[in-house]
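By written order: A, B, C, D and E. Residues from 1 in each chain.
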Amino acid sequence: MTTEELANEASAKDQQPTTPPPEISPSTATDDNGSGGPIILFFILGLAASLIVGWVIFPQLLYSQKKQPVDFNHALHNELVEDSCESCHFFREDGSYSGVPKLAQCIECHEEVNGEDPEEAKFVNAYVANNREVPWLIYSRQPQNVFFSHAAHVKMAEMDCVTCHGHIGESESLKVYEENRISGYSRDIWGRNIAGIKRNSWDRMKMDDCAECHRNEGVNQNSVQTLRGGCFVCHH
Amino acid sequence: MKNGNFKKFGMVIDLDKCTGCGACMVACYAENNIPFREDDTDKMLSVSWMHVYRLNNGKPFPDYEECFLPRPCQHCEGHHGHSPCVSVCPATATDYNMATGIVSQIYPRCFGCRYCMGACPYHVRQFNWWDPIWPDGMEKMLNPNVSVRMRGVVEKCSFCVQRYQLAMDQAYMEGRQEIEEDDYQTACTETCPAGAITFGDLNNPEHAVHQLAQPDPAHEGRPKNPKAFRLLERLGTNPKIYYLSRREWVRRAGDNYLKGEFQNKAHS
Amino acid sequence: MKVDRRSFLAFILGGAAGTALSPLPWKITDDIAIWSQNWPWIPVPPKGEISQVSSACTLCPGGCGISVKKVDERVIKIEGLAGHPVNDGGLCPLGNSGTQLLYGPERIRTPLKKVNGRWQQISWQDAITELAAHLRQLRANGSAQAVGWLAGSDRGTVPELFNRFLTVYGSPNFWRTPSIWDSYELALYLTQGTRSRAGFDLENADFVLSFGSGLIEGWGSPGYMFRAKSMFRKAGGRMDQIEPRLSKTAAKSDHWISVNPGTEGALAYGLAHVIIKERLYNQDFVNAYSSGLPERYQQVIDGFPPEIVSKITGISAGTILTLARDFAAARKPLAICGQGQGHVPGSLQAFLAVHTLNALVGNINRPGGVWAVPEPDYIDWPELEIDAVAAEGLQKPRIDGAGTYRYPNARYLLHRLPEVINASAESPLKVLFVNDANPVYSLQDTAAVKKAFEKIPLVVSFSSYLDETSAQADMLLPNHMYLERYQDVPAAPGFPKPIISLSQPAVEPQYNTRHVGDVVIQLAKELGHTIGAAFAWDDYNSCLEETLGDRWDGLIEDGFWVNADYSGTQWADAFETDSARFEFTNKDIRTLAAYEPIKPEGDEAAYPLLLVPYDSMRLASGYVGSPPFMIKALEDTILKGNDVLVEINPDTARQLGLSEGRLANLATPRGSARVKVRLTQGIMPGLVALPRGLGYSGDNKFLDGKGVNYNRLSSPVDDPASGYNAAWGIRAKLS
Amino acid sequence: MFPFSFEWIWDAGHLVFHGGLWYALTVLGLGMTYCIIKAVLDAGKGKGDHHH
Amino acid sequence: MDTALIPKGVKRCPIWQFALWISANGAVLAWGVFAMLLVYIKGLNQTNMNNAYGFALWIWADLAVIALGGGAFFTGFLRYLVGKEELKYIINYAVLIGFICYSSALMILGFDIGQPLRGWFIFWHANVHSMLTEVAFCLTCYFGVLTIEYIPMVLENRKLDKVPFFHNLGHNMHEIMAVFAATGAFLSFFHQGSLGGVPGVMFGRPFGFREGVLIWPWTFFLFTWSAAAFGPCFTIFITKITETLTRKKLVKDNVIDLLAKISGWMIFFYIIAKIIDTIYWATVTAPSKGFTFLEFYTNNPGSAYGLWILIAEIGVCGVLPALILITPKLRRIQGFLWLAVFLGVIGVCLNRWVMVLQVLAVPVLTFEDWFTYLPSWQEVATTLLPVAYGVIMISVSYRYLPIFPQERELNPIDEPAAAAREVIPEPSAAGPEPELSPAES
């Protein structure tokens, strides 16, 4: 603000009662001194605008939409295999978890196009034929510093896949992968709800969600600092 | 775990066997994705979880003697888990785990205030002053079970905790809840060509480390073996690395003593 | 409605309040933190299936078993192979760094040919055709003997292929990299009559007397020596180290006996003198299984009474007496020799003297003693057909003079090669193949070596790296890395049992490289005729499998084959000399030049100090330089920035006016270099110690340009008894 | 910092420490709110318009 | 040009002179900002810190400015809680100096950490057992207090004061300033102490470690005490410098004298406590860890950490200023006053240096040597940055805000023409009783 402006403002205010401004909004008119009304209005306007930006526009901008390279039908596969999820997402002998199947595994059944699904044809032609791994976008991908033991959860604690991954095994097509433009992770980690509210155990995959379950189940609550889960249980 | 069946992983390093060859350091680099730089000769700027010190007896030629002392993180227990570094961390990025006795360092949590480095008298904590960069193609050698640290955080020896995790995974797979002594060994222990390092559960009388160190639970794990000592025992850090040496001057070098103190201690 | 400043302020305030009540600032803050935890430029190694491959390390001759740990098709770590007879799970720093050699960006990725001083890519076929044409031409000119082959080893199928090729082609000029094992082999041959490998049953010895051997600095098979040292020490065994500098071996010993450099042989004879004089020797062995001791005593040993030895070595006569008595009194005493890691063959007389000590206490082929280990003779290839050209070439004397009347006992005299080439107008060697060796770096007086290599018309290197020798080569035919190929690793030097390990590929070859064995076979086939006929195998792998025969499956499975029961041949059958006894002297030994300490090059007035090299496990000094991990692990008492630290005694420093950390100029008759001074009480006054394994030149930014190459500053000295290089140092000055 | 953060424990350390912290923050926050609201009200009453 | 903003009844230098002065300091500031950006972008490798010196020049600067800024909380404490009315004539300046010190401290912390983008973890994932957590919380909160204390001063600017809202806000804030000041004193007590606790709790570092009560080592109390004792020295010191530079008397002698006296007695008792602490530490704490007192001060390169440092800290910069300041005759001699406050400032800075850097320099493992450290230019530049920033802040505040209530009285303007030049005539400006800040009026 320049000094002139300040001076002008001061003098304008002084003159207000005698010479009202040409355009007066109703609220200003009813107000005692003619200034409180518009101020509150503008305050509310600002409040509303920023709330809309923060709650509606921001989440749209934050995530980019990515399509999976091949639309995989979990439900169909689940019907055809014997061992449900573990048929493809299996454990190795050393207790490590194979995760998303490699091409070699898919080829066992899909060396050639078996059915009529165009997605299968796409898969066979684009990937199997060229011996190229499918660049799947993994909804549950965690940062490298997170050590997650599937063996501890599935084998030792005998948890089912749904608890964390939801009903993806029953899905007929893969949903759009929404990637956080800043952190680079799937929206599924933070959860669909921008406020971070979850209804089901599989809605979110942030650290607090792991911690919550560990706390409830009394898993590894051996930390000296937090009396909770030791950090090395999941991070190294 | 509430029944108190806690493990206390620790190490016994036989300084009479250690040859100072540095294999432990290199095995650690390879296991734990430790970055290297073109000029890593300033050891106070270099990241090396294991460091081999070169001690001498201070005597002139030809009575001069040397000894090598490998120094991983001492995984101090302090009093009830309050090691020098753990309680000072303002962001809870380092922790003492009662179930394993391992002092953890969580890189994504650490924001690089370096208070823990100041608090540690052993210099086991090192800061990532630079971005870790691997020469073209060499990132292929990185171990997927250890996260690569970013610039600006402190790191230190973890007792290869990822190996513990993988051993546990295997145990779960085989329907076991416990692991054997051999299932979990650190990279430095395995590689030591002189067999100077022994690793295991100090609480387990069947483990070699327990038999070698003979920790005295009444005195916060002080070794009962007269040939064994711990570094800076007097500070109350209660470390889990025990050293063995038949040479008295080496044992004396393990801690600070006022004149006459060490002899008294040795004789008592 | 007038939007004045106050309204605007209110709007902003409302906006601020609304923003604070929306997830926007909090989510962004959190996401930015997550971003900082996963910076996109920080590599994320992909997860995968963990597997391991049992193999053998060939980075040094040590022959350790390794377990190569993989994640999918990536090698992520190399570990010692548990249960391997040599190293049983342990592994040295170099072995631990092998992954960096595999994935190092400085690897040569394809065959290269030097055209007008610049490297050009060439196809494998073109390279072999071109080489064959060249070799055919030489044979046609009657110069078959002008082809030479230099290998890092002469054991196993790969060197045997080279040898076979040279033989059938018609050249006697094969070399293996020189080492103390040349002298050991000769000492054993002269006294025991067998061409065998010296093995040491170290783990069962109770007194190891080392004449400067770097038992834990890479002497022999480091994997075995480290393990054995821990074992015999744990059992209460004593270890004394005789050398002028406190090496790590000396630091781990019970006694560090500081001896004047180069006088170890005199000390050994001095000890023998006492043992014989006081009749402390093993009567059983000496009387029944040896011959020539009285004569040897009279000829040589008698000249080394303690008083004289004390003057030569700088060790008090009392110490000599005590040491001799202790040694003789031990149940299983063992004397070993060969400086440091053993890069210089050394004085044959000194080796004979030390071997004499072992014979006096009768620990030849006994538990805890020195064993003449027979080679596992699995290489049984069809007889060769030698044509006339080859026969003529093979008749020619070796270019280095080994085996001639001047050096009748020496097999390879590589260190003499530069001198011979530089002395002639035109190089007598027209083609030189180099495999697993870097002579332009590792031979002493590198300037002369380089000059000689420049004179050789065609140098072919099989190196994976553009090292000093490759830089001087005309053609580079990169071999597979050891993690990409099959190769038999037959023997570990100093290991007491016959053993074969197998190196097998852990990953597919990363680049357009080719197994050197395949190159030899293809080259031979290209040359055709008797040469092609000598190599009937399709490729190296089938050659190896066929050669190993019954042992193949076991080797693939376990990674090694060992004769675990071998415990040294009984005295009655052990000696293949004329007398069938151990011969303290015989006609060959009698003709050797008498013992005297080897004099290093240089004038004492101009160069008052003695420069001695030392070895470290933290520095690779074989055919590959130290990988980045080793340089990282190197002590800052050896390297600071790009400056190497030389060790001198504070007394010497005081005389020279040098202080700790000062930069100084180290000059020898062969060159000078900038070094940093490190004062230590762990070295004899008057000496300067410089580590081996630094001072590489090239463009590997982790290795090259750091420190000084000792070989550049020093020169070889012929041993009068054998002709081998016996230089233990060189005169120097420091200013 | 908040009871729902991972590190929070209901122990004396946290209660004393955060009690002090939240107490201070509350005092400052309430104080400033009071000042601002009162200033707005005072300005409405015409106080300070021209130098008492 | 800017006369409308300059407080009534005071004289300020010509605008060109002011601009020149600001530019000169701005250049230093810009250099510091450049270095700061380097540190942000390239990381802490721009410094000469290393794994032995995890804390170095910056943390020292941090501790030093916080100690020196202690004048604000202690003067506020004396003014609002103890009721030393005279101090109202210097409290503004004390607050301004405190504000500068604390904002500088926060800024330094901002680039001193390796991961500034996650700096907020210290709040969010707070470990309440860490002294640094307490520092961070109290520091930030107390900075808020100082901002609250500084705002009314800004609002007193002649132009801003004309806005009724601002005028009333400033007035209201003054009215409850005692509450803010009390909160500030409470926060200050803890964070100054926590800073002392930082070395004091490091039981792996015998040079820094101290016994204490409950979770607080003795250094906790010593730091609070020393900040309260030496902070006013700095306030006086800066006031004296300002007076010299402006060639004006700005604060009456009785005010300075009172503050100097209080500071003197505080230092006096502090130094006694410090001596007792040193003796106990040297004879009981250190030997129990196997160290002799002299081992902490000998055998280091160049004797950078020799015994001189202890003599300088306790004797020359502790006992001496204390004696000067508690002796009325001496402290009233300007030269002695100057000397005493200067030594006091040096003393507390030296104490912080020792407690940060010597703690890390002393070898604890028997086979290690002393660690040495010299700051890089980037560290020096970023440490000078707050100094330049402080000078600019003081200059601007002094020029446009009625920082010194006694200035008009002590420096009456001779020329009546000066008043005539004002854009808006101010009837009350020439009043005999100069208007103080609203709270005092």
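Rule of thumb we're sticking to: a residue touches a chain if its C-beta (ideal position, glycine included) is under 8 Å from a C-beta of that chain, and two chains touch if they have at least 3 such contacts.
Because the structure is a prediction, the values reported are computed rather than measured.
Common neighbours of subunit A and subunit E, by the contact definition above: B, C, D. Traced through touching neighbours, the fewest hops from subunit C to subunit D number 2.
With centres defined by CA atoms alone, the chain at the far end from subunit E is C.
Interface comparison, A-D versus A-C: the higher number of contacting C-beta pairs is recorded for A-C.
In this assembly, the chain whose C-alpha centre lies farthest from subunit B is D. Core chain by CA centroid proximity to the global CA centroid: B. Averaged C-alpha coordinates give centres for subunit D and subunit E that are 25 Å from one another. Averaging C-alpha coordinates per chain places the centre of subunit B 41 Å away from that of subunit E. Inter-chain spacing, taken between the CA centroids of subunit B and subunit C, is 32 Å. Residue positions of subunit C with contacts to 2 or more other chains are 32, 35-38, 44-45, 47.
Residue positions of subunit E touching 2 or more other chains: 115, 118, 121, 125-127, 129, 133. Residues of subunit D in contact with two or more other chains: 6-7, 46, 49. Note for the complex: subunit C touches subunit A at residues 1-3, 5-8, 10-19, 21-24, 27-28, 31-32, 34-35, 37-38, 40, 44-45, 47, 49-50.
Against subunit E, the residues of subunit D that register as touching in their complex are 1, 5-7, 13-14, 17-18, 20-21, 24-25, 27-28, 31-32, 34-36, 38-40, 42-43, 46-49, 51.
Listed in rising order, the residues of subunit A touching subunit D in the complex are 13-14, 32-33, 36, 207-208, 211, 225-228.
Those residues of subunit B whose C-beta lies close enough to touch subunit A in the complex are 1, 6, 80-82, 86-87, 92-100, 102, 104, 106-109, 144-148, 158, 161-162, 165-166, 168-175, 177. Interface of subunit C with subunit E (complex): residues 29, 32-33, 35-37.
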